[in-house]
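Labels run A, B and C following the written order; every chain starts at residue 1.
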Amino acid sequence: MAGAADPLLDIRDLSLDFASPGGALHALRDIDVTVPRGRIVGVVGESGCGKSTLASTIIRLLAANARIVSGEILFEGEDLAKASEHRMRELRGARMSMIFQDPMTALNPVRAIGEQMIDIQHRLPGSTADKRRRARDMLATVGIPDPDNRLTAYPHQFSGGMRQRICIAMALLVEPALILADEPTTALDATLEVQIVDLLKELQREQGCSILFVSHHLGTVTELCDDVVVMYAGEVVEAGSVREIFHNPGHPYTQALLRCDPGRIREATRQLPTIPGALPDLADLPRGCIFQNRCPQAHDRCAREAPPRHRVAEGHTASCHLLEQTEEAPA
Amino acid sequence: MWFFLARRLGLAAAIVVLAVTLLYLMIHAVPGDPASIILGPRATPELKAALRAEMGLDQPLPLQIAGFFWDLLHGDLGYDVFSDRPVSQIVFERLPHTITLILTSIAWAAVIGIPLGCYSAIRRNTLIDKITGVLSVSTIAIPSFVMALYALLLFAVTLNWLPAIGVGEGFLGRLTHLVLPAFAVGISWVGYMARIVRASMLEVLGENHVRMVRAFGMPERRIITHYALPIAIMPTVTLIGVGMAHLLSAAVFAETVFARPGVGSLIVDAVDARNYPVVMGCVLVTTGLFVIATTLADIINGLLDPRTRESL
Amino acid sequence: MRGATHTRAIGAGRHRPHALMQHWRRLRRDQLGVFGLVLVVLMVGSAILAPWIVPYDHTELMTGGRLAAPTWDHPLGTDQLGRDVFSRLVMGGRVALQVALAALTAALSAGLVLGLIAGFGPRWLDSGMLLVLDAVRAFPVVIFALAVVTLLGPSLWTIVLVVAITSVPIYARIVRTQTQSLRNNEFIQAERALGAGTPRILAIHIMPNVIGPLLILASMDVPLVITMEAGLSFLGMGVQPPTPSWGTILNDGFNHISNSPWPVIAGGIPIILTTLGFTFLGEALRDIFDPKLRKDV
């Protein structure tokens, strides 16, 4: 079973706390995520569910008050949760790279983009001229017109969509095995979003890297990803292939998300559906299921014990008591 | 870029105009005969007549000011009726000493203060950071002339390590004569710059674009020198430009305490002698210096930050 | 509807009695702030109580001799005329305090008025005033002071005038900003619609919001003002003899520095203590009341 099935990234039982004056915030709890080689895995959930925190934890760029409490982040066999900062620095911009949410602030305003693109290749072999050529070619690949001249331009001379393309170019330039994309399309309008998604799909196919794509937009995730992980308030509530999840959602939260997605609404309606209630307090978590106070199908058992991971179908798991009949998925 | 420069120069010109107008207004705001006021009790009728002719004090005020500007554009700062020399000559022969003092002071303060500020930002809340913090506030609080007097007392008078008076001769001589005055003028700037740099560094290091280059594994040192410092240094550059005003004031005291023949001591002597034309000449030259300093600072910032070059 | 007239001013502080205790507690935690407070109380107290606490008449020529080193009788020695330096310094504190109070009060008042005019008045007046204020602020203070002294002659009041003028711009700016932001505020417009006159708006809405920052800035300006007075007096431009001022004492000491170091050493001490005290205290207060004023957080 080893070899071909070895995932690129295997997160097991990851828990993360943020220290705060009011007590520890349990931002991530028992997270299990698997990213196979060459696949695009989406992480979806509403704001505050911890998906961006997850991405930051993998690359270990967290605030000073963050602490990995337990679990493993196995990346190419190595546990990143226990790796030294020095080792992480070796991996960043080499085996893994990141695309950030806000392209307007992601690039250094006083350096030409060509300089920045050459700088990030600092571990790659070759002369400066080689690196400049690679940068130029990548700019062309991501669709920046007139790349030769644009290398000396500054970020503020580009639009938001262009800047995000530059960031994608930079992420791919270092030829990583894994790209962490933290809501790269959230700050862009719908037409740009489509373009960026298409670009990512194409580039991923060419390069063969894996992508962990964080987003709150279901439609995008359907378009782009092969597998998806649904997060709620710091936990993974459902995971599986995109087709499985969207045609056969097992968790009430996923079902609610799908109901609320404007793209899936069939009948004309005046009011868009929402999920009533609010996220739980991460410093003071309730006993039992994390979704109980907003779940339309919650019952007594939900308040008493947290649901285990149940197997809905092959490669599809969800954590809900209602799935009791199906087998429990192996830990 | 040119539009930006033109606007800066326009602002500078406005300040100079305001200064001159104010100076002339002040003469006439005080009750009494302007010539007597300006020359004080020592004035003889001949001197007063000479002054009146020179400054055109009998003419209507707008004409006086206009006349002054006309002369100014020709490089004529007026005439000193006491020593029988053009004011510009008197002022400009002393100007180099003042400029040397100011530049040296700010240079050594920057060389120590800026790295100190960077270090404090990176190693926040360590002992060094806290000590630097307290020392900065303290040195900012102590007036520069008190510092100058103590420095004079300790190093020149008591220990006799460094000279107490004048500017000295030859390169080494001038250097040793600069040490104490430059120390006194610059010491409060070390702390000040450290604080400002620390604050802007902290702000920049927390920004998204720094996080991004960290995500690419860039060595921290390169991030600081090439990605953070160029942005963080800009407020400091502006402050140095604006701080020229404070530096000029401090130079007045330093030149008095250490008997350096600069514009600062010139103006003190001129005030003592009630020599208003010379005083006005000094005020104008120093205002000019200030304007040059701020403009230079803006230009440097324009070079550092490409965005400002295009802002109209 | 009668109850509605007791409207809460925008942003008015909740002056519950125990809020003050909270501030006090926070101040206590800031060691430097407490140290500053102690120094300030010491210096201001000695200045106020000066005539009663000086060991000698500061004008009296002592039999101990001139430029004497510190002894038990004269803890800071005597000056070149034989007067007790310690007594002179304590009296000098009074002068410093007088100048500070007078100058800052004048500057605050003028700043308030100008700021209100700029805030409430027409656009062009505001722009013009800003330009003038910026130009005044741009001036090297000492040089400007010297120019004024040339015309008006050296005296305590010349100093007060100069210091006041140079402090005005910053205060005026704060008042102006606050006034402008409130000017178009809906709350104000509603009050105006209900017939509230400008004085009422000033009193209830503008004042509570500007008093705090102004007082904090003023307290941080005290060291600057005192330094300027001392500096100008040192140059002979300010207080004239025989009135003792820290600056003139330093000047006397400076003129006789090769004969005795003590007057200079002694003269610098109260200036350093006062400026340190007010600076530490001012910073602590600002941290407590309005961290936004911090220029370097």
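Simple rule for what comes next: a contact is a pair of C-beta atoms (placed from the backbone, for glycine too) under 8 Å apart; a residue touches a chain by one contact, two chains touch by 3 or more.
Just so it is clear, the model here is predicted, and its values are computed rather than measured.
Distance from subunit C peaks, on a Cα-centroid basis, for A. By C-beta contact pairs, the most connected chain pair is B-C. Our note on geometry: subunit A versus subunit C, Cα centroid distance of 56 Å, whole angstroms.
Mean C-alpha position of subunit A lies 54 Å from that of subunit B. Rounded to whole angstrom units, the spacing between the C-alpha centres of subunit B and subunit C is 23. The part of subunit A that touches subunit B in the complex is made up of residues 59, 61, 89-94, 97-98, 100, 102, 105-111, 116, 119-120, 122-123, 154, 156, 167, 170, 174. Of all residues in subunit B, only 14-15, 18-19, 23, 26-27, 30, 37-38, 134, 137-138, 140-143, 145-146, 149-150, 152-153, 157-158, 195-196, 198-199, 242, 244-246, 248-249, 252-253, 256-257, 267-268, 270-272, 274-276, 279-280, 282-283, 286-287, 290, 294 touch subunit C in the complex they form. Those residues of subunit B lying in contact with subunit A across their complex are 207-219, 222, 226-227, 230-231, 304-307.
Contact residues on subunit C toward subunit B in their complex (touch as defined above): 32, 131-132, 135, 138-144, 146-152, 223, 227, 230-231, 234-237, 250, 253-254, 257-258, 261, 264-265, 267-268, 271-272, 275-276, 279-280, 283, 295-297.
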